[in-house]
Amino acid sequence: VRCPKCKETLLTREWEKNQKVCMRCSYHFKLTAYERIEMLVDPESFVEIDAGMVSADPLGFVKRAKDEVQTYPDKLRDEIKKSGLNEAVVSGYATIEQQPLALAIMDFRFLGASMGSVVGEKITRAIELAIAKKIPVLVSSTSGGARMHEGTFALMQMAKTSAALAKLGEAGLPYFSLLTDPTTGGVTASFAMLGDVTLAEPGALIGFAGPRVIEDFMHIKLPEGTVNSEFVLRHGMIDAVVHRNQLRTTLARLLRFYTPAACTWTRRSAVAASSQAGEK
Amino acid sequence: MAYDLEFEKPLADLEKKIVALQKKGDRLKAEEHRQLQDMERELRRRTEEIYRDLTSWQTVQVARHKERPHSIDYLRLMCDDFFELCGDRAFNDDHAILGGLAQFHGETVMFVCHQKGRTMKEKQYYNNGMPHPEGFRKAQRLMKQAEKFGIPLVTLIDTQGAFPALEDEERGQAEAIASNLYVMSRLRIPSLSVVIGEGGSGGALALGVTDRVLINEFSIYTVTSPESAASILWRSNSFAQQAADALRISGRELKKLGLVDDIVSEPLGGAHHNPPQAAENVKAAICKQLAEIKQIPLDELLEIRYQKYRSIGHFAWAEGSEA
Amino acid sequence: VRCPKCKETLLTREWEKNQKVCMRCSYHFKLTAYERIEMLVDPESFVEIDAGMVSADPLGFVKRAKDEVQTYPDKLRDEIKKSGLNEAVVSGYATIEQQPLALAIMDFRFLGASMGSVVGEKITRAIELAIAKKIPVLVSSTSGGARMHEGTFALMQMAKTSAALAKLGEAGLPYFSLLTDPTTGGVTASFAMLGDVTLAEPGALIGFAGPRVIEDFMHIKLPEGTVNSEFVLRHGMIDAVVHRNQLRTTLARLLRFYTPAACTWTRRSAVAASSQAGEK
Amino acid sequence: MAYDLEFEKPLADLEKKIVALQKKGDRLKAEEHRQLQDMERELRRRTEEIYRDLTSWQTVQVARHKERPHSIDYLRLMCDDFFELCGDRAFNDDHAILGGLAQFHGETVMFVCHQKGRTMKEKQYYNNGMPHPEGFRKAQRLMKQAEKFGIPLVTLIDTQGAFPALEDEERGQAEAIASNLYVMSRLRIPSLSVVIGEGGSGGALALGVTDRVLINEFSIYTVTSPESAASILWRSNSFAQQAADALRISGRELKKLGLVDDIVSEPLGGAHHNPPQAAENVKAAICKQLAEIKQIPLDELLEIRYQKYRSIGHFAWAEGSEA
């Protein structure tokens, strides 16, 4: 494979052993959802949920151009075939260093990991599973934005996932957000930016509008890497930029910080609170 | 108010004739008088006819009409008193968001609105209703203040979307929007939003996570502007019309799709033909809905709000997989 | 009198009738606490509290210079004599258009309205009175900063007053902050900036460090009026700049917005809440 | 570690002699060996003697000593693991505030600290521990996160004060500080602060509204720096020494005045003479106090915290007036 950043030609075997990070310039190639899961969680610990969920066609969407008529179901069929995935996110639960968590991992190969009803629904279900099991949540984001073919339904997934995270927060459970290349649009402007702790892989494009929109809008040319992981770290939007080979350890550490056993005070006070009547 | 949109051509023609006759005033012959009345009736009939079946793209034209009433007009027409609250308490006062306390139908309501602007100077002052991050943060500040004092929240939505410049990335446009969605979903007060013109993208939704979502008849609510949807899907924004129609973004379409709770009917020819009437309709709709949600116990209201957004979306199951 | 801004000589009688605002350029002269109270509240409605509270000398403060030894009690005696006030704030309760509120009005004549124990204590008592009576609070601020002679005791008044406002907030009672010329230092960085609604008179100097400190620190010269009411409004720190002749009406309107009778929903839910057990 | 402060001159002289003898190493005669031991004993005795009665101004010198351990040193020495959390989620990541999650004595603690810096480069990076508004906002974000998860909060205070530039006024330095005081006073978690060096002005207090306030023996906590107090009161900052002493700002003075809950003793000659020992003392003090406040039911803790600040201040009544 050839590194798009430093143009070095890399030996596939070594490159794969290096977690698909360029050995020369540390460029982080995109990972598939399953590659990332394998990299992050304890072996054999991942249990997938909602694997068979596929998109419907709420708008009866048809794209008509001069010589072409393409329906959303057509498009979906192509994407499923091309990617071997049913949708742009894989969700479930697993353990990292024996610590349980729910997770949802987006996969850019499926329609640019755009967010439609299924992405919103699967992420929301993963969060609700975490609430039911009283475990933390990790979402690994990558996305080109909202799924245009689902129109306002796609937009509303931002509200749905954010509301689910708000419930998770009220339940006192932590949410870790991992941003990977690229994360833009409605995904950034909802669950991706709501982490109790937010991490990003180095050099990932991260933004709301994305550089092309900004350039078109402002009639300027942005220097390469203007809106990326390091930029959002500098501007106070995330907690850390973490090299891929440190991610698993980092998540394990984070899980330990928030584990109820580590919060001796919380446990006590939670018991006290549950013995009280009424709200929360 | 003149008919000046493309699809209103037949109406404009008719109107021109009417105006010509009206000019004669007292010098109008009996014959001509009858003719005038006929034509006026005809204009009304034709307007009703055209507006009964507006496409989404035509609705976009009306929603963006330069004379369409904006938030500031609605506030002026609906509220007995309004005190603007300014600033995000951290960086700036973003005029694209207009908010404050209102005396509304005998009670205090917190309004948080997008505000566009009509003249060039106004558009600049209000940034054409496209908020910066500090605008969304001001909005959240007012929402939390409403929650603190148990004041119901009403938002008026009217924006193409959040401002997409580099400075907005620097100050966290995405974070500002996301944070509003998060907070609004759990606000411990009754809340309601009305899309009065353009409901564009995350910048609209950032004021839109409420117990009830209403939309003016000739307004739109869309994942992104038709132009930008066209350039994403058709790779050219000249397909904006096709995009608008395919995305089904008009109030009426959205009601059919179950994405809004109710439609507020507009005066004949759109809100700009009769702003006071438009405001009266919006006000009546707000009062009705607020009265309903105020009856619901708070914890229940929050769960209903959660389920409202929770249930949006359509999906299916691949063959051989179970639900 | 001569206007320090436009240099116009003003007829005292007219100037006083105009609430000590320059008839030519609208420069807002400083008011004494009692002048401001008279201007703001319903006639005869003001009841002063803690009028006799005077400063003690917690540090045994002595300022020794070459040919001069001055104790804090000496200084206080001078200030009391000069100003006719016991301290830099006058507090109590009153009504504005028949709506009750607690208020504390600072007076710049007394040692530059610097905040020591008495200022902190009187303001805190006014807030606590409001909590007990379930009425709103207005503080009209002006201050040169913390009272140096009381050292860390003065600093801690920032915490004391802010904590009292936090309690007021938990009780669901509104706090209106009015900033007048000049408001700087520890007063700005505590109760002055914590208003649910914050108003300022036009052209008032408002800041944390104040222009002289900034100039010394940055080795620059700031243009006149850089850090004032209009500046903090533009930067999102306050809600409105209000001309003195509109203040009373504005406060009356604000009181009406927050009056329980105007919040039909709150009343109902407050009743519901009080019938529940437990916290808040 | 050399004695290099002005008032340590006698110690430095003694130390020089000691070092000269030590250099001889094995070539030291028996007589000289005894002499060395005597001098070392004498140095310890003299140091104790001098440090027993440090004035506030002398304490200022120690508190500002360039080798004095900073927050980052304490964190490294006290915590089994530390994960830094960054950013205010709105504008910037202010390095003058260093905060994050720690594994501390077998439990998770949220640390929020001022961080100075030793080298020129570090001082620039950390802005010498003088926060901008976004630093205080980052601090508040972490405090609220601690509250959300019921994690106890410990702050380490070490700053001359908030940064006083024009940009800080623009972004609301006063608001940022005030807001922290407000929020900290009601945080529903146990909280504790330790002044490890300079506790300067509102910039220090913005991390200092906690259930317990400890101070390192040779630290200061002051309404404003002695220099600036001098220029206000004496109209010249050359009176800094007089100001420091008159304001009684050393840890010991403050304990006498009842303004801090306890003093953490420092190694002989100040924390920089033995940072591991200093950190051990601070850690032990934190553990002891945290264990105490964790026992107190939350509502009670909040009321105790309120009363703690509520009761600070001295006043009297004018003749003829009643309390």
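By written order: A, B, C and D. Residues from 1 in each chain.
In this section, a residue touches a chain if its C-beta (ideal position, glycine included) is under 8 Å from a C-beta of that chain, and two chains touch if they have at least 3 such contacts.
All values derive from a computational prediction rather than experimental measurement.
Q: Looking at A-D and A-B, which pair shares more C-beta contacts?
A: The comparison resolves to A-B.
Q: Among the chains, which is located farthest from subunit C on the basis of C-alpha centroids?
A: Of all chains, A has its centre farthest from that of subunit C.
Q: Measuring from the mean C-alpha position of subunit A to the mean C-alpha position of subunit D, what distance in angstrom results?
A: A distance of 41 Å separates the two centres.
Q: In angstrom, rounded to a whole number, how far apart do the mean CA points of subunit C and subunit D lie?
A: 31
Q: Measuring from the mean C-alpha position of subunit B to the mean C-alpha position of subunit D, what distance in angstrom results?
A: The separation of the two C-alpha centroids amounts to 54 Å.
Q: Tell me, which residues of subunit B touch at least two other chains?
A: Those would be 89-91, 170-172, 175, 179.
Q: Mind pulling the residue numbers of subunit A that touch at least two other chains?
A: 169, 235-237, 279
Q: Using the touch definition up top, name the residues of subunit D that touch subunit A in the complex.
A: 81, 83-94, 101, 103, 106-108, 134, 138, 145, 148-152, 189-190, 294, 297-298
Q: Which stretch or stretches of subunit D touch subunit C in the complex?
A: 162, 164-166, 168-175, 177-179, 181-183, 185-186, 201-202, 205, 208-209, 221-224, 228-229, 232-234, 239, 242-243, 246-249, 254, 257, 259, 299, 305-306, 309-310, 312-318, 320-322
Q: Which residues of subunit A touch subunit B once you look at their complex with the stated criterion?
A: These residues of subunit A touch subunit B: 51-59, 61-65, 86, 116-118, 120-121, 124, 145-146, 148-160, 162-167, 169-170, 186, 188-194, 207-209, 213-214, 217-218, 220, 222, 226-227, 231-232, 235-237, 279.
Q: Would you pull the subunit B residues touching subunit D in the complex into a rising list?
A: 89-91, 133, 137, 170-172, 175-176, 179
Q: For subunit A, which residues count as touching subunit D in their complex?
A: Interface residues on subunit A, with respect to subunit D: 169, 172, 174, 196-197, 233-240, 250, 253-254, 256-258, 262-266, 268-270, 272.
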